[in-house]
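The letters A, B, C, D and E name the chains in turn, as written, and every chain counts its residues from 1.
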Amino acid sequence: GGNEEETAITKLVVGSETAYAPFEMVDENTGDYIGFDMDIIKAIGDAMGVEVEIRSMEFTALIPALQNGQIDCAISAMSITEERAQSVDFSDSYFDAGLIIAVAADTKGIETLDDLKGKVLAAQIGTIGADACVAVQTEDPATEVKTYDHVGEAFMELEKGGADAVVNDLAVTAYYIKTEASDKAKMVGEVFQADDHYGMPVQKGDAATLALLNEGLAKIKADGTYDEIYTKWFE
Amino acid sequence: MNFGFTNTEWIFGTMILDKLNEIHGFQVVVNNLPNFGMGALLTLEITVFSIVIGMVLGLLAALGRMSKVKVINSIAVAYIDFFRGTPLFVQILLLYFGIIPLIFDATPVQAAIIACGLNSGAYVAEIVRAGIQAVDRGQMEAARSLGMTQGQAMINIIFPQAFKIVIPPLINEFIMLLKDTSLVSAISVPELTHTGKMLYASTYEAVWVWGAVCVFYFIMTKALSILGDWTERRLATE
Amino acid sequence: MIVVKNLHKSFGKLEVLKGIDCHIDQKEVVCVIGPSGSGKSTFLRCINRLEEAQQGQVFLDGEEVTAPNADINRIRQEMGMVFQLFNLFPHKTTLENVTLGPIKIKGMRKEEADDIAIKLLRKVGLGDKDHVFPGQLSGGQKQRVAIARALAMQPKVMLFDEPTSSLDPEMVGEVLEVMKGLAYEGMTMIVVTHEMGFAREVGHRVFFMDEGILMEEGTPSQIFDNPRNPRTQSFLSKVL
Amino acid sequence: MNFGFTNTEWIFGTMILDKLNEIHGFQVVVNNLPNFGMGALLTLEITVFSIVIGMVLGLLAALGRMSKVKVINSIAVAYIDFFRGTPLFVQILLLYFGIIPLIFDATPVQAAIIACGLNSGAYVAEIVRAGIQAVDRGQMEAARSLGMTQGQAMINIIFPQAFKIVIPPLINEFIMLLKDTSLVSAISVPELTHTGKMLYASTYEAVWVWGAVCVFYFIMTKALSILGDWTERRLATE
Amino acid sequence: MIVVKNLHKSFGKLEVLKGIDCHIDQKEVVCVIGPSGSGKSTFLRCINRLEEAQQGQVFLDGEEVTAPNADINRIRQEMGMVFQLFNLFPHKTTLENVTLGPIKIKGMRKEEADDIAIKLLRKVGLGDKDHVFPGQLSGGQKQRVAIARALAMQPKVMLFDEPTSSLDPEMVGEVLEVMKGLAYEGMTMIVVTHEMGFAREVGHRVFFMDEGILMEEGTPSQIFDNPRNPRTQSFLSKVL
């Protein structure tokens, strides 16, 4: 019912692909969902006085789940793209991202997107990193693109030597190299698609949830909570 | 407090444990045992609900398959053929993302149970049909020659005997289904495999995480198959 | 009592019965003999329509069994059948095997059915085996229970299809004894058998079948001592 | 050029086609038919290689399982129990991300074939064992009473007869395996299901994409099962 | 020729042979009779070690068959065995069934084995059936092929385990004929059978077994006309 919308929201069911550190992941000791995105959405919930329930799902399942009404919104390091905006509405951007190329520590000669031509690339299914890889492949069909359900599997492919490079979000790749692979992998070249921003998608036309998210985001940015969380995860 | 071990055994045991404790993957697994346990519980839950649905659907489909009414027969055949002829994994994705949303709002667990139930129904149908056909033809003839109708003979003579024949393959189907529920991890049902996926994504401990998941599954399937053997033996001696 | 007219039966292209005509009187015991595959079982099974004949008619007391609208379930109650492999219901006790028909089909009260069943089991010499499952019985005992089961429906005629040929030799006697008793009580019986001794002693008439044809019929002494048909002669020379 | 259709049929047909062409999902499927085709081809390829490995392993494991040498027997039992007692999906992840990298660099396709081959070997082992045991005991006795050794009897008498018994369940296993290869999509093998995943991730046309994937699988499994029925009939009449 | 000493055999707790002693001379035909389950088949199968006896010895021409280090595969070649259910190899033609042993075990050349096999098939009356598969043969024909198969190994003794009891009555004769022929040629034979007529006519001695014990033995006329043991008497009264 449209009338009760403003008063009705007491709980948000939030979808997230909880396998994308440091934005969302499982605490390896407790099994809880933790990460930048998790903290952000909880802070928004606290600020707006609504309960937040996280539902873990595959990245490719998020938008369909919104469309089906199985979740109210998603927070999953999802870049705001035109294509996606046709299926869902996005909140204000809450993170400025960009893509980066990661290669094995001893790799030489890969610096730019052009250098990726003819190489074996790994990425996560349905991400803009995968789109970038496919774009390279379209230019040079000799390029091979391997795609996985989770980015961690793409990183493993790089570690195993099954891929020459992984194209993925900067923050995630940086976190992975810092925590897991400082001796095995490195980032090369410049951040590209730097106009890439993360947003929280809601069902198309769901103005109430959208308003709630935007308001909450504004509040936590104003009161310094956002900066605290940012510092906690990225510095 | 040596729990009946000798001193050397005790020292040796604690030494191994100390070594293991230094391994990251081992710690990860130990710390997450409760999570694995909860995942396993959900796996069992989905399996049990699915097999119940599967048995009901399977019985109906088996009867439909043996029916002489053309329409009923065709529906049963189409149902059985489709669900046996395509991968459960794809069925899950088709149902969860495609078909079920057109009908009603299902939670992932509900969708998982529906998909697995529909799938196992097709396999149960073939088990039931084979069971009925495995009852000696002479039984039907003896019943009919007493003057029973087809229906009376089925209910009094054929079904009770088919039941016994059907139990072992049904338990086998139960085991298959338990393993197959690993596929619903794709629609974010937090069962055992999904628990593993998430843990793997944050720890990259493939051998430990997937090894532990295997152990959990193995315990469950082994328990079921021991139960199955026991039932089979009991049925045989009866 | 039973009249068979021009009975034809084929399985696919294989013509198994090529026009059988015969009649069997009340209280008559007819033994059917003949080589393997000659259609003896098929003949018997067409009489109570376990097999549907393609052509021809069967009458029981003037009622056409083979009529499309015949109430075959009722008619079958009047024709007890005993099979070579017993076909007892393995999940029921001997008593239940015998009472199942009266209770489920005739709607008899359980106590009454039990009474009748106990009497019948006694009659076939198994009064003490009422709560035993078929799996625990010897072949001869099984067949006697099967006879009791058929009798419990109080049939007008009993059809036997080689009732002793899957029995160990020392059990053949006990089953034939029971059948002999039935015959002396005046039961109408059609018995497909390889037991020539029984046929000679108990049968009023003997039918010799070969290749789907009722080749020769007559009294036991006519058939066994003076077979006219050369086929009968050759068959008997092998088995006697 | 009406290809033998009447005018009305032709008009009606083109009308339906026009309507379909307006649907986005239909366009997506039609435009990607070549991709589906290539995916299906890889699915078949993996299936065939896996079943070959599975048959070799299965035969060895079956013999091991029946061996009286304790060690061999234990190894065979452990192998069969593990691969039958845990989900293939988890086995694939464990092998690809955990075990195989410790041994050698495998491409996803190689890893897929290894995982599926190991898995089907366990199932084939049980099929072969059941087949050998289904040969009438009297056959072994007749062979031995002629003076053949155990080995001679196996090779000359038991195996040729078990072979016939084993063909139908082997074809069934082939079909199961074909469906199970859908799981290797998780390790980025661009087979049929992976093709579907990619297309779905960029179009969200669940019904059309997964429906199309189902159709492709169904055609392949149906073809195999027709082949199976035909073989079974031929073996029966022989 | 065959000596059996104190043979004991149990299946689990079930004691099936309770100490059998006997000896069989060359060219002797011994028929073993007795009720079902008395251990007749087990006795025969212990002789060629298809079953391993727990205790006791079997000698063939002085060589101990039951010795742990006996070359049982060679010894079995000297003891042909014929089974109740024929056990022909269904994937081989009749000719191949007969030549398989000579070729694979004795390493005979195929041509030579074929020659011998053809002769044997003629002898059992199946000279024209050499390229037929067992599935196309009648029961009586199958059993005759099985006899030829056993003979092809040129055994010193033939063991028969109820060779006619799964045959239709009109086929019993043809198999017994072949066996009679063998007996008259001087083959040593041990025949478990329910065919009392054959035992009386062809047997030199008859063994009556019951409950794992060789209860009585003697010439056919001693056993059939003057059985001394009450068990023998009761058994014979049932089957004759």
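Here is the rule we go by: a contact is a pair of C-beta atoms (placed from the backbone, for glycine too) under 8 Å apart; a residue touches a chain by one contact, two chains touch by 3 or more.
It should be emphasised that the depicted structure is a prediction, and the values quoted were computed from it without experimental measurement.
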Intersection of contact partners for subunit A and subunit D: B
Along touching chains only, what is the step distance from subunit D to subunit E? 1
Measuring centre to centre with C-alpha atoms, which chain is farthest from subunit B? E
From the C-alpha centres, identify the chain that is farthest from subunit C. A
Larger contact count among A-B and B-C belongs to A-B
Between subunit B and subunit E, centroid-to-centroid distance (C-alpha), Å: 51
Quick one: subunit C and subunit E, Cα centre-to-centre, how many Å? 36
Using mean CA coordinates as chain centres, what's the subunit B-subunit C distance in Å? 48
Give me the residue numbers in subunit E that touch at least two other chains, ranges are fine. none
On subunit B, where are the residues touching two or more other chains? 97, 200, 206
Listing for subunit A: what residues touch at least two other chains? 64, 67, 149, 156
When you check every pair of chains, which ones turn out to touch? A-B, A-D, B-C, B-D, C-E, D-E
Touch list for subunit E against partner subunit C, complex: 35-36, 168-173, 194, 235, 238-239
Partner subunit B, residues of subunit C touching it in the complex: 48, 50, 73-74, 76-77, 79-81, 83, 85, 87-91, 100-101, 104-105, 146, 149-150, 153
Using the touch definition up top, name the residues of subunit B that touch subunit A in the complex. 28, 31-32, 34-35, 97, 101, 105-108, 186-188, 190, 194-195, 197-204, 206
Footprint of subunit E on subunit D - complex, ascending: 136, 138-139, 141-149, 152, 156-157, 160-161, 164
For the complex, which residues does subunit A have touching subunit D? 60, 63-64, 67, 83, 87, 122, 125-126, 130, 146-149, 153, 156-157, 160-162
